[in-house]
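These notes open a run of structures that come right after.
Next come two complexes, and both contain subunit A; in the first it sits with subunit B, in the second with subunit C.
Moving on, here comes the complex of A and B:
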């Protein structure tokens, strides 16, 4: 069967050099994944993208009440990752984690045949996917993706663009 | 080669249509001895006339079916390619993304989360387990059947 993601688990083996006293504390990062989940990667993408930027408690709560089948699998994986964080990665409080990265990837598709009426056959794809998650210690940021600019920012951007203009072949100032 | 075949098919179809309409009209396409019983505004140009094909004017002739059906013999087919921007907006736009639920509250008794205005699932499971034990002792299948024991007094005894 498909071996699964090869780089993702290696990120856990990264060892940082000791921090200097004046440096801000580097938060713990926990990389976890599950390979060859019997689910469509396109469907899993919706669940993976939904929980990005949530705290782990909020993600588990929301996934518990989501009707899709993939949400149950992702919840299991998150609980596993939370457990590993406390045991192996030196995280003190299991609630003090947030979902920094959440990805769905394609695994192998197995092809099969299905019979239709009048001896007509169609191809069926049995889809498998991988799910990768990175938990980070701390509270989640306010905005995971950059928010749309407010009116003041839009005005500043507008002025900056006009002031950036140069006269071609003009004098150097 | 496929294009040539399609062209030949079209010519054959045009020829068939002209012959058919000629039959319906009552006189052959070229008229009787070259004379038409009724004055035609548009003289019939018979499609298999080699001159038509050599000219290329065959391509300008449109059959009745072509005029009715319009461009192409196939219906319900995409006319233009869907751009990748539209494709992505349809699949990953705001209307397709999952929305979080805001009606999940904590149970005051057990601390589990549940949907607001509904019973807590954890508490309900406990109640169900207890009820099952009582029902097994009373040897009834449904909770509604307990009234059948109304001739006997049933007391539920909780042992420490």
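Moving on, here comes the complex of A and C:
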């Protein structure tokens, strides 16, 4: 049996140095996972990417109505993680969490056979995967991934690149 | 991949429909629902329709797949918590002999569980055995317990200063937290309020306990795993009145006075609240048992029978 992710749960044992009173409050981070789920990792990746950057409530709501079968499992895992966050990791409000990281990784596959015509056989893979999630305290950011630049930003970048040029043997500006 | 986030009627019904894996039932159920579209408008990459174009040879096609007993690892992990009968049956099935029923292992009892015994040892016998014991020793011991680092790094030192009974009270919930504790000064000289002795198994195996009343100024600040203050304050010291129990294994040549427990009298004001709020758990009311009648006619309620006598 595949042991699953070994480093991921260890992040929950990190103890930070006490903060000074003037420092901004450090948000709590909760690392949760489930290993050896009977699902294809490639398919789980779509679900994992879908909920990245959402608040926990929004993610649970979306997964409840997501068409893929694996979304049910991911929803269970998120609810587990939310429960652990409040019980063990000092999170006060269970809704004040967002999906900071959401990953799908492959586990060991089991190989089977399938018969073809004329007594020829093909290999079949029964896939298992791991799902890892990191919940962070606070409200989610506006953009999880940087959005494509708008026209004004593109223009500014264009001008900046042209102005950055060095004229060889030219006058010092 | 940017999927639309709005919920539509079709999406709601799709969730209910997904409970049934068989593809033909999907159409039947969707036809039962009102004005529902089963069209899946998904981006090009994801493929949801995996049906073969000719459904006629479905059974034969399925028979080509060689059946394998696929393990459900998540269920296996959950089922690891088996009851005794289930575990016995499983081991019998697998042909594993049960483990040895007894385990010979020497146990060293270096402290008592609670400082609660009816017998009181005579004060002078205690003083005879411990002629060098003075009150100054207590305050020294307390100063040594001031910890500015995490508990785990001073575990060994802590065992010398604190008995096994008190050790989990100090460390169990605080293993992933940081504590800053400081003894600032003593407001009143510590006084001994109670002295007793107890014994375990044999009458010669004696443990001495002393309850000391200490009025002092202390600073306590507890930080959680992320370095956030959860209790107390580093800038505001508090006047603390404590009744601390020290214990020593008198029969042991190398026994020493160690912090054993703290007694909180009923009249003591409540401690400060923790810097966070909790959701009230929904508890079920426990039915009170009817009071039992003893032989001599006196009535003993179940509550009295269960509680242990607490010494002052």
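Rule of thumb we're sticking to: the second predicted complex is superposed on the first by the 165 of 173 C-alpha atoms of A that agree within 3 Å, B and C clash if a C-alpha of one lies under 4 Å from a C-alpha of the other, contacts with A are read in each partner's own complex, and residues count from 1 in each chain.
Keep in mind that, in the parts below, a residue touches a chain if its C-beta (ideal position, glycine included) is under 8 Å from a C-beta of that chain, and two chains touch if they have at least 3 such contacts.
Small disclaimer: the values here were computed from a predicted structure and weren't measured.
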*Using the touch definition from the top, say if A:64 reaches subunit B (first), subunit C (second), both or neither.*
both
_Under the stated touch criterion, which partner chain does A:47 make contact with: subunit B (first), subunit C (second), both, or neither?_
first
*Kindly classify A:33 by the partners it touches after superposition: subunit B alone (first), subunit C alone (second), both, or neither?*
neither
*In the superposed arrangement, does A:127 touch subunit B (first), subunit C (second), both or neither?*
neither
*Check whether A:75 is in contact with subunit B, with subunit C, with both or with neither, and answer first, second, both or neither.*
neither
_subunit A: partner with more touched residues, subunit B or subunit C_ = C
*Intersection of subunit A residues contacting subunit B with those contacting subunit C?*
46, 49-50, 62, 64-65
*asked:* Give the list of subunit C residues in touch with subunit A in this complex.
replied: 1, 3, 5, 7, 11-12, 14-15, 18, 40, 42, 46, 48, 64-66, 68, 70-74, 76, 150, 176-178, 180, 221, 223-230, 276-277, 279
*asked:* Could you list, by residue number, the parts of subunit A that touch subunit B in their complex?
replied: 46-47, 49-50, 61-62, 64-66
*Of all residues in subunit A, those that touch subunit C in their complex*: 1-2, 13-19, 25-29, 34-38, 46, 49-50, 62, 64-65, 67, 69, 72, 86, 89-90, 92, 110, 112-116, 124, 126, 128
*In the complex, go through subunit B and note every residue touching subunit A.*
92, 96-98, 100-101, 104, 113, 115
